[in-house]
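Each of the next two complexes has chain A plus one more chain, namely chain B in the first and chain C in the second.
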Partner chain A sequence: MKSTNKMKDSYISVMFEDENELLDSIAAVQKDGIKIYDVYTPFHVHGLGEALKIKPTRIPIVAFISGAIGTISALLFQSWISVLDWPINIGGKPFFALPSFIPVTFEITVLFSAFGMIGAFFYKSKLFPGNKPKIHNDQITNDCFLMLLEFNKTEMTEDKKIALEKLLYKHGAFDIEFVENLKDKE
Partner chain B sequence: MYTSGLREPLIKGNKSYKKVTSDIIGAMTGRPGNLWYIGISVAVIALLIGIITMYYTVWQGIGTWGLNRTIGWGWAITNFVWWIGIGHAGTFISAILLLFRQKWRTSINRAAEAMTIFAVMCAGLFPLIHMGRVWLGFYIFPYPTGRELWVNFNSPLLWDVFAISTYLTVSLLFWYIGLIPDLGTLRDNLKSKLAKKIYGFFSFGWTGSAKDWVRYETLCLILAGLAAPLVLSVHSIVSMDFATSVIPGWHSTIFPPYFVAGAIFSGFAMVLTLMIITRKALHLEDYITKVHIESMNKIIIAMGSIVGIAYISELFIAWYSGNEYEQYAFLNRATGPYWWAYFIMMSCNVISPQLLWFKKLRTSFVFTFILSIFINIGMWFERFVIVVTSLHRDYLTSSWSMYYPTKIEVGIYLGTFGLFFTLFFLFIKYVPVIAIAEVKSVLKNFGGKKIEKH
Partner chain C sequence: MAEQFKYLKKHRNFTFILLGVGLVIMIVGLFLNNWEAEIFWANILLNNYYFLCFALGSVVFIALHNLGFSGWQILIQRIPEALSSFLPFSGVIMLLLAFFGVHYLYHWSDTGHLDAILEGKTEYLNVPFFIIRLVVYYFLWSFLAYLLRKQSNQLDLDPNPKILKRSTATSGIFMVIFAITVSTSSWDWLMSLDAHWFSTMFGWYVFAGMFNIALAGIILLLLYLKKNGYLQEANDNHLHDLGKYLFGFSIMWMYLWFSQYMLIWYSNIPEETVYFVTRFNHFPILLYVNLVLCFVLPFLLLMSRDAKRNPKYMAITAIIVLIGHWVDFYLIIMPGAVGDNATIGLIEIGTFIAFAGIFILIVLKYLGKVPLTSRNHPFLKESLTYDT
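On to the complex of A and B.
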């Protein structure tokens, strides 16, 4: 946050009451070539990721890799115990009893995969206990949709500002605010 | 987006997003009614009875229970399987119904998941106490010991350890992930400074940024994909505790699917019991509507019928196998000294859910509430029938015996009810019972109306 907040950059915070107005404005603003810093919504709006051209997350890959680590380690661990470290002869049954290793292997796969995925999610989204939200606005977790636009101060003339405001109001924005520093948005 | 004017809206009362937030937070922050205070007091008393009887059991030993040489598994295992079964509805609702895109689940998934977690905690207590020396409970985990021995990976009892601990962990994680956006909402909308601090701490700094939502949705989808087979695996493995043995009445191949259906059946019944009470106690009539009750009742009919078919095929296979021990085991269930348990099981689980074919009954809150309690009782007796009647006629006639629970066993069972309801009452007071963010996302999908702008 601090690093991106250069002297020349400024932000416009635009509020909407309806997700369709938000989606319309995103399309309009993108057409004008204005950069969208981020969008905050109280719930997951379908089509928002596509509209903002957010790259698909790599969480599925993390899930697969951590799950695979679980599968392999559970299988190896059980086999090592039952075949090499302390084989127990139970009525002449085979030491390497693959079918009876499957339940534990499955459970460990799910467990590892869940931990891996959730760890990746917390890490990438910078979520951790006691973390303070960087954008603080009481309404964005309630009923408002916030779009933050980023622009270069030197290029933004008064005329452009007015035109942009007009465009946003036309698409349903109810509150537009020019912000110098994101910290001020408290 | 497709909307249908024919369907009843999922959430009644044409709510705005703001109203959803204030309704659900209002249900938490308002002074709880007398029902809540009475409920939690009774639950705490039951919990105390449980703690005393558990303490007595641990101090004196398992001899304080009604078990004997013939019947080594009694109430404890019956209760264990019953609680685990109840713990299947939550993750079924949040995982399998998510994959099937059932939008009505959004009003009940939070409470159902919480119920799952509490039920699995209650279930876990029974095998632990049943060990006798609870302080050696950690022996069940494979770790390098001074005894140089490992656990036996061929035993379904060990699979159970892994299945249940994984299930509890993954359910807890799933529940918490779903809770994070709502904790953010609480942080921003509560007035008290302390509450803001506490919920702020647990909300992990959630803002609802678009990127976070994209990751969040993907995470939930994959977690659901993993949790769906997990739900099915847990009760399958529990059933293998019985099915891999050589006891007539236990060693049947039908057990895993039959147990899973029974688990979802009893779990949904418990969710209905709890949600119908919560709906009234917290005035959430607009959020938990006839649509929800009816959808859940439909699943109850499906699962109840599978359970009924399983009972009948067990009987048929026992007769068709020509094995006289198997035939005796099943005949004895229905006509032996425990016939009354079998009768309760059959009437509560097979006959009573069939009444739900009538739409009038299926959409009635009072009927559903009564029926859900019948199903809970029936499913408890199913496990009692399986555990006790299969054991009480041993291979040798001289070993035949009867089993009756002692006061101590009843006390421990009561204690788990106490634990369950204490946690549940605390949950409905301090955590949003309905997933706020998820309900908002389905607000416009049904009813065919767009919310008017002011």
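On to the complex of A and C.
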């Protein structure tokens, strides 16, 4: 059966032991015009986001909006309680005593902001209970770095394969594996 | 070869012009105010404390990073070191004030006419002990700041890790001493202006303002140096971190300001509320301007990442914060020292300009004497490759 669609259907997993080797080979592979499907690292690598040209995170916007919702709802709720629903005279203070609302408002703002960020992060990175983790190789949870390249099977000739392998070994890869089926593609 | 800041004639002339213009404006202002000694000494105290904040906050900055073994600030560490060289001069001015101006500013020093409350405070608030404390503070601060500067300069010649260890120890000693003295010195010089009033949050509140001033000063001096072709290796990442500090401590300042205000507002005891009653009734505009300049504007302006990495934006925010905290210290000092009719006039502006002249002179002169970065510092590489 001929594959007619333009979708990339094959993957190469490349393992590294050092983050600088990883960054070097990303640059080299990108120069050759091969698409990087994803990179998996055991910890945050400086400069990786820029190298992969990942769009800047939008977490700050989420934080601001959820924080603002927290501020407004905390102020409204406290005002509603102490002015409309159950007014109590405390030490002769007015019912709408703004300074006394501020600490609670502050805390609720922080709480909403944090929950909003965590929720958005979990949603975007698909980290929720019952979700199968995308671990292509156990070593990426330990001390190794994994780069997944994607390509079209029909376009990848033997010559190209050998040249690519040579290039990756030159930049420090210690294990190269051709993968047909990815766990998270199942 | 390490980079060197060239202290030129134009710098010296500029500071002398500032000093001269400031003194002239101040003297004209004093003449128009019938040579009132109260206003004169209050302004000396205000501006001396204000510029002391740059120096002392900078020592805290250095000590903080030494203690945390942090490396990102090594490229720019000579800037806070230069700012801290103002300490001894500030001490001399403060000592003059203690000898000649104390009776004009602090009415607890007038031992003949004290009421029962102030009688009870005489064990702490009396002139000899005031001067002793002042000398001790300045001796400890200046000496430890001098040691930190010396150890940093020693590293230039001899990259010995032992010096780094000694520097960490000095920082630790400074931090412990500073934590106590920043509170007690703010009680002595600022809180005792309103001798009947007291607040246990006062020392922290003053410290938050002090650290903000020092950070804004470091940012401005860094941007000035970068604009003139120095320290090109210090990039957006270093600026970004300073911006985060300024953002965080603006919130911290507001937090402490509000905590102090809310406790007093809630308990509503006359002897405590008098402080805010005076300021709300007689200085309402300045009070709100202060809150906007010190919190609202830096909070909104520095919120985004791009803003913290933009030199122009940061320079404007730093200047806003500096003006805001000058107003803050004005509101702390003037109502107590001069009275409800205090204004911002020629004397205030003149004294500020004169002090700014001397301050810039001392700082730039120190900066010209040492290499701009510590090339042998073991953490230098961390600073060079820093990425946020």
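The working rule: the second predicted complex is superposed on the first by the 170 of 186 C-alpha atoms of A that agree within 3 Å, B and C clash if a C-alpha of one lies under 4 Å from a C-alpha of the other, contacts with A are read in each partner's own complex, and residues count from 1 in each chain.
The definition used in the following text is that a contact is a pair of C-beta atoms (placed from the backbone, for glycine too) under 8 Å apart; a residue touches a chain by one contact, two chains touch by 3 or more.
Predicted model, so just to flag it, every value in this text is computed and none were measured.
Of the two partner chains, neither chain B nor chain C is touched by A:179. When the two structures are aligned on the shared chain, A:91 is found in touch with chain C, with no touch to chain B. Of the two partner chains placed around the shared chain by superposition, neither chain B nor chain C is touched by A:69.
Of the two partner chains placed by superposition, A:156 touches none, neither chain B nor chain C.
After overlaying the two complexes on the shared chain, residue contacts for A:60 are found with chain B and with chain C alike. In the superposed pair of complexes, A:103 makes contact with chain B and with chain C alike. Applying the stated touch rule to the two superposed structures, the overlap between the chain B and chain C interfaces on chain A comprises residues 46, 56, 60, 100, 103. In the complex of the two chains, the chain A residues touching chain C come out as 46-47, 56, 60, 64, 91-92, 99-100, 102-103. Partner chain A is touched in their complex by these residues of chain B: 1, 16-18, 21, 142, 148-150, 152-154, 156, 158-159, 162-163, 166, 169-170, 173-174, 177, 180-181, 184-185, 187-189, 200-219, 222-223, 226-227, 229-230, 233, 237, 240, 437-438, 440-441, 451, 453.
Contacts from chain A toward chain B in the complex involve residues 17-18, 38-46, 48-49, 52, 54, 56-57, 59-60, 63, 67, 77-78, 81-82, 85-86, 88, 90, 93, 97, 100-101, 103-104, 106-108, 110-111, 113-115, 117-118, 121-122, 124-135, 137-143. Those residues of chain C lying in contact with chain A across their complex are 258, 261-262, 265-266, 268, 303-305, 387.
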